[in-house]
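The structures come next, written out as structure tokens.
Look at the two complexes coming up: chain A is in both, with chain B in one and chain C in the other.
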Partner chain A sequence: MKPKVGIPRALLYYYYFPLWRAFFQSLGAEVSLSGPTNKTVLGRGLKQAGDDVCLPVKLAFGHILELAGRVDYLFLPRLVSVAPGEYICPKFLGLPDMVRQTVDGLPPLIDTTVDLYRRHSSLWPTFARTGQRLKCGRWLVYAAYRRALAEQGRFESLLRAGRPPEQAMALAARDGNEQPPETAEQPLVAVIGHPYNIYDHYISMNLLQRLRAAGVRPVTAEMLSEETVRREAATLPKRLFWTLSRRMTGAAFYYLRDARVQGMIHVASFACGPDSITGELIERRARREGHVPFLNLTLDEHTGEAGVVTRLEAFLDMLQRCRGGGVPAAGPCRDGAPAAGTEETAGRAGCALPALVPSAAGGGNFR
Partner chain B sequence: MFCRPAYKQYDDCEVLPVKVTFPHMGHAWICLSAMLEYLGVSVVVPPPSSKRTLTLGVKHGPEFACLPLKLNLGNFIEAREAGADTVLMAGGCGPCRFGYYAQVEHAILEDLGHHYRLVVMEPPQRHIGELLAKIKYVTGQSSWWQVVQGIRFGYCKARAVDELEMAAHRLRPREAVPGATSAAFKDALRVVVQAGRPADMPAAVARAREIMAAVAVEARPVLRVGIVGEIYTLLEPFANLDIERRLGELGVEVDRSIYLSEWINDHLFLGLLRNMRSRRAACRAAAPYLNHCVGGHGQETVGSTVLYARAGYDGVIQLLPFTCMPEIVAHSILPRLDIPTLTLTMDEQSGEAGLVTRLEAFVDLLEQRGKRRVSLPAAAPA
Partner chain C sequence: MKGYLGIDVGSVSTNLVFVDENGGVREAVYLRTRGRPIETIQAGLREVAGRLPAKTAVRGVGCTGSGRHLAGVIAGADVVKNEITSHATAACALAPGVRTVLEIGGQDSKIIIIRDGVVADFAMNTVCAAGTGSFLDQQAARLNIPIEDFGPTALESGAPVRIAGRCAVFAESDMIHKQQMGYGLPDILAGLCEALVRNYLNNVGKGKEILSPVVFQGGVAANVGMKRAFEQALGLTVQIPPHYGVMGAVGAALLAREKMARGGNSRFRGFGVAATRFAAGGFECDGCPNLCEVVEIKREGEVIARWGDRCGKWSSALTPEEKTG
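And now, the complex of A and B:
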């Protein structure tokens, strides 16, 4: 019988699910994903996790509980680092322990460590150990690893082309040559936030869909190449050591200089540590440059949908007025904007995510 | 060789005279200013952290920044008013926020119009050359030998202060006259602060010990409680609302999981001094529960709690600033450990009244439990 491996639809699912899914499926396992976030899932997470924990981690607990009863293994890698010299967030480092110590009746956890902190480290050891846990032969594991990297590569180029993660995941699995999405001449609004906040429909209160419905095209950090965000983030006084936050900050700086971007929405989690630092850096830069209207949304479990919608509508109205050429009613408007960035938003070379995949091209590091 | 080097003038170069300040963290200023002044650096110690410091930090700092960042910021604003022009701070390379404190604070100060020179000491594991260059920059013409002597002097002071604190922790629950320990501690601390040269230290330490020894005590049963958590909140009485004194007055002998000199040994001397408690033991003890470093002192918090449980302590109190990431990870694990724990989250709204009530309730609980433990030795852990 096929073992069932559960993967929670939370946290870095939005970045790495295709990698994990392809790997487990190639090993002959069945991958079971928790359902989309809803009130019940969130409610269970809130009950289980401590009060002080940030919303995304609480939500992850909810998804884990949803899976706990119906899978043979729970895949919960310890994500220490996905890029040299960088971490993600202390909570990612401790998540498997937090879960193991607080949730009863868990299936066995597969909590292999992903640690690319040192230069030239590779993902292979992580996958090798994961394969061992499932008692698979080394060659089978290696083949699965290569397939996983290939699928992740496809996924990342779809992301870069402007697909939202869940769409890109579906397309990457089919390996089809899809038409690129419509990119009509629409005003752009940059949405800067952790992927697990902005792409979760329930948590973000359909922010991206609302923007599209209002006739603007949301652009995010995931649509920029790693080089671009790195170059932009390098203008900071010190290298940021959190991968997600570095990407968000770099992307924000890039979009602040892109003449087509008409507004910026920063989405933060209540009580998120890294956001409190990078949000400050981004907002200060935006204010200093002063020509892109900026909206800060902080999400927590008590955020009322009505309040968010009102603020969003007011913000969009303001953008509209700016576009109409009228005098801005509130906040600054673009005047004498700097030249557009040097890159197109779609169809860039390079890799959207920290160097996970490039190594796929040149032989696996069999260590 | 112990004499003070003459004050270094910068008038022959483009660098302006440097008046160095640093953020407060409990009694760390004693050790830092001793070291810098020994090296002829002029130091502006920020006024002790106060309500005003906090108000300034909260007003200008990011809303969800942790409490230490806000207090640091307040310290810098107040030190600026006292004439400081250079900030000396430690850095870090993650995963915790502390590594980016200096840069964010600097950006905020710049926007406020307080132009500081920023000297960040990044951890020596990485760019040792850069660190040495920065030390040279701050200390001017001092020779390396003098720098080493200065560091030794500062460390000596840290040891002395820690010894006094430990004595106060032991005496306070047993003192015959309420308040006598705290008064003696203040006097003894002043003696240590006033020792201006390394050669004065032995006499000052002896005198301080005498002062502490003169506190009259009574033999009475006391509870023993370990205090763990985020280092700044542990070391800074203003941030923890003077919890050690309050517990002492409730009849509790406290032990703090980390003292300044231990921190210096772990982080500046890279644990080279062997004869003292080190974070390695705590991390080893934490491994079954939290098997990876999570930044800050998260793993040490879990490990120290395990060690306190093994050592037969009555309870453990965890202190953390609101939104502190490593301690939140630790917090979710503490209830699994076989010892009663109380977690106190400190932020700008923490009030004394609430704290006192919670401490009293916790102490009551420990007393009840202690009695039960005595009468029913085989009782299952509560």
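And now, the complex of A and C:
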């Protein structure tokens, strides 16, 4: 019988699910994903997780609990680093331990370490060890690993073409050439936040859908190439060594210079340490350059949507009134905004999200 | 007379104004919400109707405040707008050329930066209600002085004491401490005003470019002690517009006027709704694990609006005319 591997729909699922899914499926396992977040999932997570962790980790506990009783293995990689010289938040690193200590009746955890901190380190050892856990032969594991990288590469180019992650995941599995989505001429609003906050419908209170319904097109860090993000983040006086924060900051800086972007929404989760720093860095840059209206939204465990909705409505009203004619030359909005940065989008295979998949030019990390 | 009705249902007060065709405020009613928004809205409508001439035509209705959707359903609103847009609209109309709006209400506070008549930036307080009207109310009650005397008493102070304003709970213990040490009441009240202004500028006003003309509105603008504390902290003159306490409602009425200028008939249900029996109820939907708490508003026993469901199963079950947007 096929072993069933559970993957929680939380945290870096939004970045790496196609990689993991393709790998386990190629090994002959069945991948079982937890359902979309709902009140019950969040409620169980809040009850189970310690009080000190951030909202996304609490939510991850809810998804883990949902899977615990119905899978043979639970895949919770210990994410230490996904790019040379950079780290993932320590709460990700400690997640397997936190889960093991607090959740009863867990299936066996597959918590192999992902650590690409050192230059020239590779993902292969992680996959090789994971394959061993499922008692698969080395060649089978290697073939699965290659297939997984290919699927992840397709997924990432779909993301850059503007597909939301869950749509891109579905398309990446099909291995066909997909036409980029139709994009009407709409004002753009940059949404800067962790993928597990902005793409989770429940936690984000449908932020992206609300924007679309209001006639603006949300753009995110995931639509930019790693090179662009890196180049923009490098304009900071000191290097950011948190991968996710660097991505958010770099993307925000890029969109602040893009003349098509009419507004920027920074989404932070309550109790997230790195968000409190990057939020400030981005907001200061936005104010200094003064071209793009900026809104800070803090997500927390309360279920009342009123706070978020009021701020969002006011922000959209503000953007609309800025656009809606009558704005004098020296107006508060974009006047003679700087030319858009040159961004090479879609179509190019490779060049990864946080550098997990070798770029077409051949990243040194993977062999 | 013809004009527009603006209704602002806040946590502490419910305000109604009637604005004529030229945007002039003809009537303003300020009521305490007292946790019963529906009854308060009805009482407000009754009062406005009583004050207006018999042949008044309501051309449009705008609602705002945290109870805006509720008010919109009860009165039949043409525009349901958030507080930021409403306050900014009113400030631009009543204080032309304004560039900064400081607004402190019962449970919230906000800053709105306006440039060339358009909102350029804004911020609202987060979950903490430190430094809002409720807190001042509560402290005035504790010190046994009527809230109306708070400001004038604070102005008598020659040397305000320093009070920790980061948190309302800490501020209170600090005030008690200062009072037991023997500081005079005016100095403590003036110190409290300064602490609240500091708190406001450091939280809501953080990173905002505050330029003159500055307008201070919301219920707390009645407190002259707060006005003076703002002027000292900013080094700018702070104007208090007429109708400062009902600016949200004025803005909503002006937005209704703007909307109706584009044509169409008002959805106003008439002042008769004050006598209609409305009931609000709720239930937990068990259609999915989200267990949404759905609110139902009934008029004479008939459901006229529902909200609170994430999927739209309940709210969209009603005909479009019955929903407010």
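Points worth noting:
Note that the second predicted complex is superposed on the first by the 342 of 367 C-alpha atoms of A that agree within 3 Å, B and C clash if a C-alpha of one lies under 4 Å from a C-alpha of the other, contacts with A are read in each partner's own complex, and residues count from 1 in each chain.
As a working rule, contacts are C-beta pairs under 8 Å (C-beta built on N, C-alpha and C of every residue); 3 or more make two chains touch, one makes a residue touch a chain.
Since this is a predicted model, take the numbers as computed values, not measurements.
Annotation for the three-chain superposition on chain A: chain B and chain C fit side by side. Of the two partner chains placed by the overlay, neither chain B nor chain C lies in contact with A:Gln167. Of the two partner chains placed by the overlay, only chain B lies in contact with A:Gly94; chain C stays clear of it. After overlaying the two complexes on the shared chain, residue contacts for A:Gly85 are found with chain B alone; chain C is out of touch. In the superposed pair of complexes, A:Arg284 makes contact with chain B and with chain C alike.
In the superposed model, the angle subtended at the C-alpha centre of chain A by the C-alpha centres of chain B and chain C comes to 80 degrees, rounded to the nearest 10.
Once chain A of one complex is fitted onto chain A of the other, the partner contacts of A:Cys322 are limited to chain C, with no touch recorded for chain B.
When the two structures are aligned on the shared chain, A:Ser122 is found in touch with neither chain B nor chain C. Of the two partner chains placed around the shared chain by superposition, chain C is the only one that A:Arg311 touches, whereas chain B remains out of contact. For the pair chain B and chain C, the model built by superposing on chain A gives 5 Å as the shortest CA-CA distance. Residues 284 of chain A are contacted both by chain B in one complex and by chain C in the other.
Listing the residues of chain A that touch chain C in their complex gives 38-41, 202, 206, 283-284, 287, 293-294, 296, 298, 300, 302, 306-307, 310-311, 313-315, 317-318, 321-322, 327-328, 330-333.
By the touch criterion stated above, chain B contacts chain A in their complex at residues 62-66, 91, 93-97, 99-100, 102-104, 106-108, 111, 120, 289-296, 298, 320, 322-326, 328-333, 335-336, 345. Those residues of chain C lying in contact with chain A across their complex are 66, 81-85, 113, 115-116, 118-124, 126-127, 207, 209, 288-292, 310.
Residues of chain A that touch chain B in their complex: 49-50, 52-53, 78, 80, 85-91, 93-94, 97-98, 101-102, 113, 236-238, 240-242, 268, 270-277, 279-281, 284.
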